[in-house]
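Take a look at this one; I'll ask things after.
The chains carry the letters A, B and C, assigned in the order they are written, with residues numbered from 1 in each.
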């Protein structure tokens, strides 16, 4: 990919996208188009399971949408449409997406973060939807995401005051996944991303399918989960992995030290895979 | 307004309603009617954007509904209906409503607080729905609000035990907007209420509309938000305010100090308004 | 009841079920059938209002479902069906159910806990749904409950990483009702269970009915709550209890010390009941 403001770093099973666009990582039409292109390319990568969006700017994850596209002139209409499409595209990515917010994420910048599956905020992060201060509502699903994550009362406070929310508060109120201090960010990312890279794409699809349905319709999701459990139970891969966990002490008190047990299983599986490749 | 138990204090863009009714701010039919009258009057005030309900009682926000109206005699039927109507009326106020709970809010008192858009609780606050101890469920939407804010498991614990919940717990579990220590209450109110007083009524209506829909139907709310964004983008007021934020350093690293930037914008806008009035 | 792995202890109005099954409280078909039998028996006990599920294993609440039933052979099909039925049966118990998790609750073990109305976790507790590590989704509503309690973003992190979640985090994120340190567990249980034992079965049914509806349909639940309030208001029991609370200082500043007031009411009521029995 030929990108000007984005640095793409591919590793085994996951990709980091580093945003470096002008003074404040403003979501200009140029950056939006580049992000759309990268999202489309990453969706084609069948070995990719996770995408980590980060900023190289010390102060901003992304300041917000370029306000010069907020008008009804031709380039405004196009820019707005592109931005709204980008938010949908990020929400619909195949990979599990992470936003690492280590600076300000306001307006469209916060909406871009909220479009990711998982959001970590450091002690330097602030989140805001200050659009109403310029007479407009958020346009990239910011008020909808605020409502669904914060609940009615905190969403109204957040949206009507334009105020910054720090990461500990955003975690406490459910706006973001976790407050992760920057000192432990790399370790947290490794712990969370690594098991995801071991999954198949269909595992991610299945979990998103059940989780999304569960939020809308508990009863229907229970039936779907049962169905998927029964389908998967009969697969050879399931029997193979059950054999491995039993071999390494599952169902005994060795499960007290489950991470050791699972590490042994992983090493065993990797040895099998290496032998298969020979 | 001629009120006996309520002191109404109007300031620029917001109103404080101080409740002082008997020993425990009991929601008698008399107090309910007076509150209904005040709510109706405030809805007519086109310059009012926020209403702050407070208590002058050192121990009680409001003890609860007068239990002598809980019967099927004529005055009981009327009192119950008036109370249920009051809860609906407070929920449907035009202004953003605040309940400042610095004492006990139990039963109908808690339901009155929950009917407000935003609830702050101090270290002196307790919240409870102890109705089941007298053989009845809450009647002012208390069990419904508990379920929606606390979730099933905590709502059942809360409702079946009649127990008091303090403000830090109520914040942690999402029953109230925030725990605000009484020492920082005035400062918090000023920070939150001031930006709301700068809004138009239609801004508040729009945000309530999107937030309420988002909680019921995420997809429909996304479409509504986009529609409102596009409508508002074309307004002269939007272009004027975008011009102002750009003039004062938006989209540059000056956004690191966003509160200074926004204060400059506000001062600039107020200067324009003063000139227009001349 | 003739049980091998379960110790049933009946007290006034509530029952403790102690699980002691092999090395890790594995949910084998044998244990599942025994739990189903106990659940059915407890539903017949008209004086029982609460059931407390605990483990006598120092390390495990329950490790998980026996993985040897996860297959499509005859005993696998039966075992899976029994497990899924158990989860539904626990969710539908008449009594308010508690899971006291003082060790590991993973997979089916966590699903059994989530099927209870109230879950307390100690400093020794961990919660996990690690099924995806063996190629399957949870099958006992684990992904559905994770989605509904944690929200989309935390549920995906939880389900896709197979990671253990400790009780303070599980409380903060809403997976469990409360983190209760083991040192204060007995006291907490007494405080919470005692008032529930004073209720009638129809009180529990009514509260579950309103809470469950409120989560699905706020408007319908408001109407249901009003209806139940009006029905109950006219009952003799309500008038009797209102008389008692008024006699002991309700609606006066004595409500500052509400627990003393309620204790006096309880003593008074018990005296009446003792006299009636003579």
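Note that in this section contacts are C-beta pairs under 8 Å (C-beta built on N, C-alpha and C of every residue); 3 or more make two chains touch, one makes a residue touch a chain.
Computed from a predicted structure; not experimentally measured.
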Worksheet item: What's the call on chain B versus chain C, same or different interface residues, using the half cut on shared numbers?
Response: different
Worksheet entry | Size of the rotation, in steps of 5 degrees, that lays the CA trace of chain A over chain B | 120
Item to complete: Could you tell me the distance, in whole angstrom, between the mean C-alpha positions of chain B and chain C?
Response: 33
Worksheet entry | Residues of chain B whose C-beta touches two or more other chains | 172
Item to complete: Note which residues of chain C are touching chain B in the complex, please.
Response: 96, 117-119, 149, 171-172, 174, 176-177, 191-192, 195-196, 199, 203-204, 206-208, 210-212, 214-215, 218, 221-222, 225-226, 228-230, 232-235, 237-239, 241-242, 245-246, 250-253, 255-256, 258, 262, 265
Discussion item. Under the stated contact criterion, what part of chain A meets chain B in this complex?
Written reply: 23-24, 26, 59-60, 63, 66-68, 70-72, 76, 80, 84, 104, 106, 130, 132-139, 141-144, 146-148, 151-157, 159-164, 172
